[in-house]
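Two complexes are shown next, each including chain A; its partner changes from chain B in the first to chain C in the second.
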Partner chain A sequence: MTATVTRPAPPRRQAGHGGGSRRDREMWVLMLPALVPVLLFSVGPLLYGIGLAFTDAEAGRNHVTSFVGLANFGDLLADDEFWSSIRIGLVWAVSVTVLQFLASLGLALLLNQRLWFRGLARVLAVVPWAMPPVVIGLMWRLVYHPDAGILNSTLGTDVNWLADFTWALPAVIVMGVWSGMPQTTVVLLAGLQGVPRELYEAVEVDGAGTWRRFWNITLPQLRPIIVTITSLDFVWNVNQFSLVYVLTQGGPGGRTRLPMLFAYEEAFRYGFFGYAATLGLTIVIVVLALLGFYLWRQLREVS
Partner chain B sequence: MRLKSALAAAAIVALTAACGGGGAEQEPSSGEPVKLDFLSLAWQKESVEANKQLVEEWNKANPGVQVTYVQGSWDTVNDQLVTSFEGGDAPDVIHDDSPALSGFAAKGYLLDLKDKVPAELRSDIPQPAWDTVTFGDGKGGEGVFGVPFLQESHVIIANKKLLDAAKVRIPTSGEPWTWDEFADISKKLTKGDTYGVAWPMKSPVNKTLNLALNFGGTFFQTTGGKTTVKVGAEEKEVLQRIHDQLYKDKSADTAALGMGTADPLPGFFADKYAMLPVGVFLRQQVAEQAPDGFEWVTLPPLKGVSAEQGAVSQTLSVAADSKHPDEAVTFISFFLNGPNQAKLARGDWLLPTSVKAASDPVLTTEENGWDVATASGKNLVVAPFLKVNGFDEWKSKVATPVLQEFYANKITIDEAAKRLVDDGNKVLERYQR
Partner chain C sequence: MRRVPQYAALLAYLVFLAFPLVWLLSTALKTPQEMAALDPAWIPRDPTLANFGDAFGEQDLVGAGARSLVVALASSLLTVAVALPAAYALARYRGLLKQVTLGWVLVSQVFPFILIIIPLFMVLRRLDLVNTLTGLVVVHVTFTLPFALWMLQGYVRSVPRELEEAAAVDGAGRIRSIVSVVAPLLAPGVVATLLFSFISSWNEFLFALVVLKDPEVMTLPLTLVRFTGPEGVSRLGPLAAASLMATIPSLIFFAIIQRRLRSGLMAGAVKG
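Up next, the complex of A and B:
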């Protein structure tokens, strides 16, 4: 299947543009080292996965895989577990993205002020970024631990946060917000520093207060950056796996089973590879649709 | 990168499929020793030591067959095995448990040991234990896909001082408590800050299903080759009794419901809970962690219509892909002979399947309740759910949430029964196409 894609387009021979064909060839030669791994390790498996979505591939030696067309998609639409995981996934992705954005914007504005130890504070803000997701998950497991956790001892409560049907998802969302803040903050901070000073000086002459300055200068100036980072965050959050896997494994009773955890379970716990691939493909389509709509609206408002 | 994790599942399959094809290795020439990988899931310190020591012993005595000890973990073993079976690099000797074997057997990943187990080992392990590893091979036949060696029964660990103070009858293996008696005594023990019993139900399914056999509750029925979920009067019995203790008698602490098996121990040592219905292995943690002067006893399993409990076994299996299956079986028969099983059972505080091991004086002493624990082994029968294809998915998608909600008093017993059956049958259907 991959062969059709991996073959680079033959260099065109164009009369009259003798130099062009040589340049083409050189370009391909130069791109080859970068292209081969991409085709081999990204595009290949990607196409294989898409293909898999239309088969009934299963784990096991006794199973003969056959093409089933759209049957997997039909099963998926009728699967309550799938819808509930999509619902959980959207609640998770939207709330994490929004909260992450608001918290990061606040932090970025703060770090953009002339504070004492600003350098140190900026470094500290990036620390969560340096941690692998598994470490973050384990750390938060300690925070939420019913007996030894810092949260219960601070609040004086006795809640088993991660095993509680109501609290598990909010608890996981808080962790998600925390772990994703650094990159959002850094990007917004960079954006803030790119806002021309003259604009602020101009409105100060008009006597505008802090709020007006923020609303009329900072936000519109940051807009392209905000759109970019929230879209990226949203995609990352929909596809989040490791954080939640370490923290709850999708429990209790599937209340934190994000779509990717669902796909993982289908493939590697129950062995339904074809069905899991369908799920993956469906998530891609859902994300593309939501993102397309969001970007389209943002672009329309700009123009 | 993360963008692509959407298709990570498929990507890994693609890669493993690609790698699996080219893995043909050369047979070692006659002078070189055969090499076997042994994936062990031992995790308690004593048990890891016992395992490693046995491997070392074998390696010394058999220079021609060298075994490498590979440490695995119960949490991830089945995911890990699916990928390594598909990739063709599974370990030769695999430690797992019988519920997992049924799926792997049907998928053709494991070697049928029916005609390979030596007679001596075969006769040392009674037939009910062999039943826990006998499964369909996915091609219409049946086979034996592992050697069962450690089993768990549910006993009651109790605070001796509180029992004595309440002047209750101390049960014996010959005359155990009935469930009615247990409910009465739990009520009697509930006083002040003390609850009679704590039911740690973080993972409620296996515990509930194994105990349900006390009243003949099987939860599954097979008619005409089609398996369906069944929740009738027999199945509801244990569910209702535990629920009554929580909400009617109030002799069980509802706060303990979300706990894992070992979590109520601090409360148990602090006289907050008088009794813990738990697996025999928990005796190890009780013996190790109990404060000085704390007296505890192991009480035999409860009796309903019978004292029968569903049993699953820990097992050693051989991968179908193993290049040295005969050497692997020989290693297993050494590893699981009578004296060695006694060592392993002691290390894990579980019950050996071997008849010889069970008569080992260490496993029949009164100390730490070994006599009661070992005697409870006779109540073990093969758990009906073992033979159900798709049980794992039913358990995690349907039964775990339903039972958790039921024990948390969020749904009624009839709602619970309806969901276990309706949602459950939908799950099972996928495996019977």
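Up next, the complex of A and C:
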């Protein structure tokens, strides 16, 4: 992500003529149609939402909202359900991101070779991307169905996967990996195809094997792309809602209640707007801290 | 034969990627009697299309599909109409406003929906737009806008500035040079962004769940979820059939842009 922001802009020839103020006016006029809805429905609500985290806002229309300072954060830290939801959320986001990355890297390496059936694999690899999350959730319900599902009859087991305290979270993670592989694979494949051929030719003269080539050239060359896509995947996974809501609704007994499901329930089932906003804000802080640490370590290793 | 391990790995991937899809299709083609039988089979013994008809009887799929279509069309057209001038400005001008906007595009990807949807819900409630399709369109436009901006400004950048300057030298005004030179080259990018916004809206579930409460206004994803609950095995066939039908627009979209995925979309989205 940072790579795209910090890239230096190409030197501009026209900076001298044309007059700055006219260009500024033109830019404002062109931006205005987008700025209005953004400010009204996105930036405004976002700031308002951050403010809500410090109030006792509730859904009822007659409820009088008052400022409560950090009281919500205190409640949150004392809430066992919050901690279990954070723990489940981290297990989910980290394992899905890591498994997704490893599986996608393997697939991208295969798709980058001249193999038979490569075309078929390429099409299949983007299909999950093309499916509505709701359909993905429903499809995996059919796969995991205890009686009519294919998993029990194939494995010879008799497990009610989505209602089992041990198996529900792993089952949800498998679906997460399946549904998120396309983006990661496509990005990694594009990265692989961008590695200059000459680098490989140079080490081939030295007689380096496949493994050494991968370790010494492919991986370092892919590094910026890997850091970017794993960061994005992690953020997307933390913010995941629809897939898991459709598959388990957070059950059994809260075993798959990701932070976003928890926040949704607090806000729209029980009507605690202020508390849910606190939850959202806390998750942002946790995510930014983890992401900042990860990116900082990556940057330090590079330099 | 050093390729054997590679083919084994490829086969494993194909199985993992394909098996849920095959199972969905298989379930959609089974009779209720077969669904009730123990030991389900991969290939339906007595394939039937009856589930597709039954699905329409169980839920108002036609109405939900029509509502989803209206919402997706309205929000994709609005998104692109609003984003196009701004994307041009972002790609061609510099200044503080540009930095702030691009920063916001990134921030909006990180912030969880819950922080925005609660106050947005309160705003919609004040405007009496809860439980209306208009309200959902507003939300969808808001949430698709950042990525649409990002995509479009990538496409604008790929149109060489020299072409515009050449038109200006020939005496064309700024507006004319944009309309006659930039617009035709930008058309594929605009179509791609339109399709992207359409599919985002068509597939979207969470905001619809928050905004729409009554079955009479529900979009397709919400209506599909109404199939579930304490379901009997007999309803799984129509559920699978309806799921397949709801996927068709997205599949068409991806068939169109499949070739662009690696070049166009990525150039616009990732490399910036």
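Just so we're on the same page, the second predicted complex is superposed on the first by the 281 of 303 C-alpha atoms of A that agree within 3 Å, B and C clash if a C-alpha of one lies under 4 Å from a C-alpha of the other, contacts with A are read in each partner's own complex, and residues count from 1 in each chain.
Simple rule for what comes next: contacts are C-beta pairs under 8 Å (C-beta built on N, C-alpha and C of every residue); 3 or more make two chains touch, one makes a residue touch a chain.
On a predicted model such as this, the values are computed, not experimentally measured, just so you know.
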Chain B versus chain C as contact partner of A:R213, first or second or both or neither: neither
Chain B or chain C, by number of chain A residues touched: C
First, second, both or neither for A:P252, with chain B first and chain C second: first
Contacts of A:F273 with chain B and chain C, given as first, second, both or neither: both
First (chain B), second (chain C), both or neither touched by A:L52: both
Partner chain in contact with A:P128 - chain B first, chain C second, else both or neither: second
Which of chain B and chain C A:V235 touches, first, second, both or neither: both
Which superposed partner A:S42 touches (first chain B, second chain C, both, neither): both
Which superposed partner A:M260 touches (first chain B, second chain C, both, neither): both
Partner chain(s) touched by A:R223 [first = chain B, second = chain C, both, neither]: neither
Residues of chain A at both interfaces, chain B in one complex, chain C in the other: 41-42, 44-46, 48-50, 52, 61, 147, 235, 239, 241, 260, 263-264, 267-268, 273, 276-277, 280-281, 283-284, 287
Residues of chain A defined as touching chain B within the complex: 41-42, 44-46, 48-50, 52-53, 57, 59-63, 80-81, 146-147, 158, 160, 163-165, 235-236, 239-241, 251-254, 260, 263-273, 276-277, 280-281, 283-284, 287
Complex interface listing, chain A residues touching chain C: 1, 4-5, 7, 9, 12, 23-24, 26-31, 33-35, 37-38, 41-46, 48-50, 52, 61, 103, 106-107, 110, 113, 115-118, 120-121, 123-135, 138-143, 145, 147-150, 153, 178, 181, 186-187, 189-190, 193, 228, 232, 235, 238-239, 241-242, 245-246, 259-260, 263-264, 267-268, 273, 276-277, 279-281, 283-284, 287-288, 291
Residues on chain B engaged by chain A in the complex (per definition of touch): 2-15, 78-79, 82-83, 85-86, 103, 106-109, 137-139, 202, 255, 258-259, 263, 266, 320, 392-393, 396-397, 400-401, 404-405, 408, 410, 423, 430
Contacting residues of chain C [partner chain A, same complex]: 3, 6-7, 9-10, 13-14, 16-21, 23-24, 27, 35, 38-40, 42, 81-83, 85-86, 88-90, 93-95, 97-98, 101-104, 106, 108-120, 122-123, 125, 138-139, 141-143, 145, 149, 202-203, 205-206, 209-210, 221, 224-225, 227-228, 233, 236, 239-240, 243-244, 246-247, 250-251, 253-254, 258, 261-262, 266, 270-272
